[in-house]
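By written order: A, B, C and D. Residues from 1 in each chain.
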Amino acid sequence: MATIPDHPSLARIPPGYRQKLSPKAIELIAKVYDWVENECIPADHIVKAQLEQNRWAMPPYIRALREKAKAAGLFNLFLPNHFKESPGLTILEYSCCCEILGRVYWAPMTLNCHAPETGNIELLAKYGTEKQKEKWMKPLLDGEWSSAYSMTEPDVAASDATNISCRIRREGNEYVINGRKLYGNSLANEDVKFYILMGCSDPDNADPWKRHSTVIVPRDAPGLKMVRYMTIMGFDCAPEGHGEYVYENVRIPVENIILGEGRAFEIAQGRLGPGRIHHCMRLLGQGERAYEHALIRATDTRKKPRGKLIGEFDSNIERIADMRMELDALRLVVLNAAETMDLMGNVAGRYAIAQAKVMVPIGVAKVIDECMQLLGGQGLTQHTFLPEAWTYARFVRIADGPDAAHRHQVGRDQLKTAAQARLKHLGYKKRHHQLAKAWDMPVTELFEYVERIEKL
Amino acid sequence: MATIPDHPSLARIPPGYRQKLSPKAIELIAKVYDWVENECIPADHIVKAQLEQNRWAMPPYIRALREKAKAAGLFNLFLPNHFKESPGLTILEYSCCCEILGRVYWAPMTLNCHAPETGNIELLAKYGTEKQKEKWMKPLLDGEWSSAYSMTEPDVAASDATNISCRIRREGNEYVINGRKLYGNSLANEDVKFYILMGCSDPDNADPWKRHSTVIVPRDAPGLKMVRYMTIMGFDCAPEGHGEYVYENVRIPVENIILGEGRAFEIAQGRLGPGRIHHCMRLLGQGERAYEHALIRATDTRKKPRGKLIGEFDSNIERIADMRMELDALRLVVLNAAETMDLMGNVAGRYAIAQAKVMVPIGVAKVIDECMQLLGGQGLTQHTFLPEAWTYARFVRIADGPDAAHRHQVGRDQLKTAAQARLKHLGYKKRHHQLAKAWDMPVTELFEYVERIEKL
Amino acid sequence: MATIPDHPSLARIPPGYRQKLSPKAIELIAKVYDWVENECIPADHIVKAQLEQNRWAMPPYIRALREKAKAAGLFNLFLPNHFKESPGLTILEYSCCCEILGRVYWAPMTLNCHAPETGNIELLAKYGTEKQKEKWMKPLLDGEWSSAYSMTEPDVAASDATNISCRIRREGNEYVINGRKLYGNSLANEDVKFYILMGCSDPDNADPWKRHSTVIVPRDAPGLKMVRYMTIMGFDCAPEGHGEYVYENVRIPVENIILGEGRAFEIAQGRLGPGRIHHCMRLLGQGERAYEHALIRATDTRKKPRGKLIGEFDSNIERIADMRMELDALRLVVLNAAETMDLMGNVAGRYAIAQAKVMVPIGVAKVIDECMQLLGGQGLTQHTFLPEAWTYARFVRIADGPDAAHRHQVGRDQLKTAAQARLKHLGYKKRHHQLAKAWDMPVTELFEYVERIEKL
Amino acid sequence: MATIPDHPSLARIPPGYRQKLSPKAIELIAKVYDWVENECIPADHIVKAQLEQNRWAMPPYIRALREKAKAAGLFNLFLPNHFKESPGLTILEYSCCCEILGRVYWAPMTLNCHAPETGNIELLAKYGTEKQKEKWMKPLLDGEWSSAYSMTEPDVAASDATNISCRIRREGNEYVINGRKLYGNSLANEDVKFYILMGCSDPDNADPWKRHSTVIVPRDAPGLKMVRYMTIMGFDCAPEGHGEYVYENVRIPVENIILGEGRAFEIAQGRLGPGRIHHCMRLLGQGERAYEHALIRATDTRKKPRGKLIGEFDSNIERIADMRMELDALRLVVLNAAETMDLMGNVAGRYAIAQAKVMVPIGVAKVIDECMQLLGGQGLTQHTFLPEAWTYARFVRIADGPDAAHRHQVGRDQLKTAAQARLKHLGYKKRHHQLAKAWDMPVTELFEYVERIEKL
């Protein structure tokens, strides 16, 4: 039998994947595990209480942890190998950290590994000029600033991003922006220093994939205002929050464009892959923590309907088994996507990423919903973290594109392979004729051989 | 062809049920429809804004409508025929009003038809002494007071109500209450004047169904305090709200007991039937309103992913059909339960009520969830009423007993009918032998004839 | 409390529907019940054994029962009121018979109430000339002949019947038919005397709904041959069976056209409504019988995994409850469709029929599948009737149009109501403005009021 | 980017797993692929036609292929490394062959890799004496004989194997067997030379896991007879078939016991692991082939309801995507189980095997059912292999134990981990108190910290 690395932090990682982790990764994963177990979960209500006092600022407890994390070399773990600041984790390895961090909504923030920072930093690192990196990326990496990504709009179907209509017009050395955006971290939070905004700079371009550009908009640009806080299932998502924004003749210098005019889709494609995997792994962390609550409730000696523990009802035994198997199957889907990106790149990994993006939020939301039900009257209240965990999973079903959009992409790609399947089946037919002749048996003209009709 | 009453207020009621509505009911249903369409839905955000100003009091807008409703003879519609104040609606007829009222969470309150008032009024009417009715029920009927029902506890599995442990001990002319309760409308609301509390008065009684009593506890009874607001999926459910309460040596006069010591289960059984049907019909109203939002979004000309309306994607056409069929099937389930109670009483209707209680919240929550998804980025925000509607449906999956408890009850009752099925199948076997002999055919000893084993 | 008719034959009919049954119907339903319980279920294996001896003829046992049924006045119960031979049952009332008959696959045949005879008789009665009725319908009514309906084709998507391509060309006093058809009762059965065939007589007609005609083709018409038996999930469906047919220059007299050229769709629409309801009710009968097997197995004292009866596992208790509730909800859907047709006609009932057609086969198949699983190793074998019952339910998901086609029809009809919903919501908006002004509150511009965009 | 082996035979294997395949495995997988594509799929109807001629003998075509396979070194691929005849594949590597072989029901037989031979050979290899191996295993390995495994019984709940009651009694140098068995390959097939039978030899042993023994029963042992063929969903499963057997004073020499009296459970545990994985991989092969039929139908230019290809309906695009993602997720589950067994052994892999056993048959049956529906009228007929493929998947939901039994095992194991979860949460509580004190914040007493109750 093989020797498989073992540690509580690896308990849910299948042996085949554990074997692939570098010693450094194993060490970091263990550190992240201790961090979340000791500094984050037990402090959840402290952070909530601090947020009650000041809703739109990073709570002092988190600020303190960030300093500590920086000192301990746990900052920016998400950064891929080619960065000099990178701790050198593969996407697969970082995914293992990500699940652990996901157990507490704000834990990624303590290691500067939270969305949208991670995506924005990668975007600037990949596509920014040196000057842009220095000015906008460095403060993010150092944890001094926060930023936001602004894509969705209230008045078009932004799930098809070619519809994005927020207007970016060049005037001299400036771009003038007009439009309305949804989501993006809230301006209410003073740490948010700029928006990375996708808008339409060339609406008449014949190629719909070249009409859009990505620009940096400083928070204090005149004409930019937040007109409404947005809640998600009633949650205000403080301290980050979501908003609805109006851009009214907002002017930014031309140097704030990223990569160049018309290149927004190039940028978007590069940005979204790993971010989706991070979301999925974090959701699994939420699902596992919810599952632990269910296990504890199932064995709570104070809760005995009809004289039996919740966990002595074999309907609940089956439910627990189903949750366990579902979470573990979903993890395999995400780890496979992460590994595929490591081995073959984001583009070749597109399908595996979409598979995770579609399956994980639905599956985890279902598991958490089941946990809420097992916890009865208290499962829906603030007595547990389950309502916010469910809401996060539900949100990710829509964020970065609703399920249906991803299913469509996958399905259309699959249909392109139909020709090949048909060709193979025509081969079967030909070979069937050969074999029937050789064996002196009647030829079968069934549908399976594709072209029955020709014989009429 | 028959003449079937027709009016927008009846649009969703199947023709067979429309035929059964009295002219008076048809008139009242139409009035309720106009009321909700004109006074409630368009005022939803006014009520929300008033609640922002004062979270724990009935908003002035609702107060005004209640006065108007009383004057218009629309108050207390839920009251069954045998009351002198009753408008004379059957449960079936009131159910039709209930669906319409359900479209807006607070609309039932405008007609004094909201939970838990309806259940508490019925309880007092059915089981209270004349003195209790005069003192506690009349102000409820007049809409002057509000009340609460207090059953669930944090520290036992209250889904099996025999576990309820809040102690009611007689001392002289008083009962002394000690324990902890969850839910029940919040004390924060000044209108709440008393709690109807179920507790354990005789823990050593050999019959577990006679250990509990139901008493009236005035809000200002010393020793009663609310220790925590409870949120449901993050919503505070203002102005009613939920709380966690401690009863510490709370003393009430013995005259506050309802029906007598040990009779709480008798009372509980009578109370819960119609209330469950009301919940279900209100949920259907929420589902229908959500469905309208989906229809509007599906035909919104501003939202065209890949150049097609949302409603031109035939995946969405199928989703809309599924939602339509699901809502209509669930309505049949509830109307059937209502009619069964009208025809045969609450006890004979127990199964049909349970069927509605299990199927409707799950089904409506699923429909609303689908609507949220169809609305994309905005479906989860406060831009629509969908998040609160989903939360209400999700809540009812647990309120008045979680699904599983009702399924258990139904399943156990069904298993009692197995003996009869077995008997019938033994009859088949006997008859099979006769027929086989008569037709000179071999006897078949398959499982279907139940007793194959005997033949070995 | 009302007096509700009671009898084992009505056990599953909800009280509200029982009240609507005429005394005559109640009497007939009871007779059908006794018939199925005593003459059919116990003889299932006798019929199967007779079929083993002669696969493609009506088994002698069934023939004998048909004679007996005719004498007892139980023949042709399905016939609606306006026939002189009709027993006078409403569609609702006959539906109650239909569920009982459905318990055994061949029981409807014993009362001449089986598909496709019922549909063909109705079709001829409704659209046939007196001469056609005399020649083709009377022998069906008398139970002397059998017939078939031929619509589906292997080489087009016949779920959209405008695609039907089998060519009907007039030549002098004859129609010449060329094409290929699937399904339709098998020619192997000598009782089948003619096909009612839908084909394309005017492919160039501008109106696609007027291109097709319906004609009668005698079984011995030269050029008509069956090229293949078709099995359904491996079952040969004897003695009726399914086949694939080639029509090669088949000639029939022009008098064999029904209603006239180009009127096939008019006919098809009238034919399919009640037939779908019959299928659905029969499926419920199968589901109920399967359910009884599950109850019996759940209480079988020889089957005790881990020392408990199958029915003592509360996971199975919940499964039994779910099956019970599902079957009962589906019955409400079918009864409502039947009643809607009675009250408002087939056209107004179109939606309710589609609802039953989509929901019932899926739901019943699921229930039977669950029963098979509860019966473990034997549930999939011929030891019970479950495999054939499941197969029938699965088949109906496709017969008379696959689910998706019906969902599409429903969904498209629903989308036509979107304009009305939008109008209503615009009314809300207007009223909201009035109320906000009256109450001196801010106007809310959220999505709910449809036109937020106008305000930009 | 890494170099990942590429070949059509590896098309569905994720890159991370491809990297792990040895060059020898890659070569063998490619050979198996060519074998199935060229010799098996195109010959499916030839084999079926030969079976029509002689239902209970191995068809000549298969016999010929077996000779060819032996010569080509493709026989007994399933054999693990430690056999001298083993081709040296890991379980993971053989799994890849297994999926390909699964595309045609009888293909595994051509390579002597079919159930129950594989399990029986492994059992004899692992637990047989040298003499037993020589006498019973060698002819199996050489492909001269066939065998059967006999465990299930009609009259007990054999899903809990401690219930197995078939009596094995020692008398002198013989065991006398009395009882009744279900399944096991059919005696009708002359190739079946012996049964490996599990029976009860010591019913009074205090340890229920030591009451049973496993013995070899030659087919011609007097007293053994098959009393009934058994069909699975109507299929006779020729040429192997299933039967019901009576053992009436069947006598075998004591040397036919395997491993010794009372050791049947030891043997059973070792036997079932890999077999379940083989079933699951074969099912995936069936699912993939079904999926190809769906793709072909979706792009069939003759099938255009409403003027669009089936695959142009975006509801079907989504269905195709869902099927693709489901199959791929299930494959990850099986590959992970295979790899876990390779790395850590069958016992440590117990959970992963159960996960595959529960999830795969349900998931693949669902996919095939969807394919049948997409193929409309023909999907249920013998025009495609879909009905038999669905039936195989449905069968595996029960074979080797029904879902629920496996879920129970998993759930009970999981509940044993609850104590650890509780301990961890108590740790959170303690740490929360520390942190609250350090940060001068109030302690939170919510359920999450497990012991709220203690504080009352």
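In this text, contacts are C-beta pairs under 8 Å (C-beta built on N, C-alpha and C of every residue); 3 or more make two chains touch, one makes a residue touch a chain.
Here's who's who by UniProt: A, B, C, D = Acyl-CoA dehydrogenase.
Small disclaimer: the values here were computed from a predicted structure and weren't measured.
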Legend entry - Greatest separation from chain C - chain, by CA centre: A
Inset, instruction - Go through A-C and C-D and name the pair with more C-beta contacts between its chains. - result: C-D
Legend entry - chain A-chain C separation of Cα centroids, rounded to whole Å: 47
Inset, instruction - Could you please state the distance in Å, as a whole number, between where the Cα atoms of chain C are centred and where those of chain D are centred? - result: 38
Inset, instruction - Any chance you could list the residues of chain B touching two or more other chains? - result: 154-155, 302, 313-318, 378, 382-383, 404, 447, 453
Legend entry - Contacting residues of chain D [partner chain B, same complex]: 154-155, 180, 313-315, 317-318, 447, 452-453, 456
Inset, instruction - Please give the residue numbers of chain C that touch chain D in the complex, ascending. - result: 152, 154-160, 163, 182-183, 230-235, 242, 302-306, 310, 313, 315, 369, 372-373, 376-383, 387-388, 390-391, 394-395, 397-398, 402-405
Inset, instruction - Spell out the part of chain A that touches chain D in their complex, as residue ranges. - result: 1-2, 4, 14-16, 19-20, 37-38, 41-46, 49-50, 61, 292-293, 295-296, 298-299, 302, 311, 314, 316-322, 324-325, 328-330, 332-333, 336, 339-340, 342-345, 352, 355, 358-359, 375, 378, 382-385, 404, 406-412, 414-415, 417-419, 421-422, 424-425, 427-429, 431-432, 434-436, 439, 441-442, 444, 446-448, 450, 453
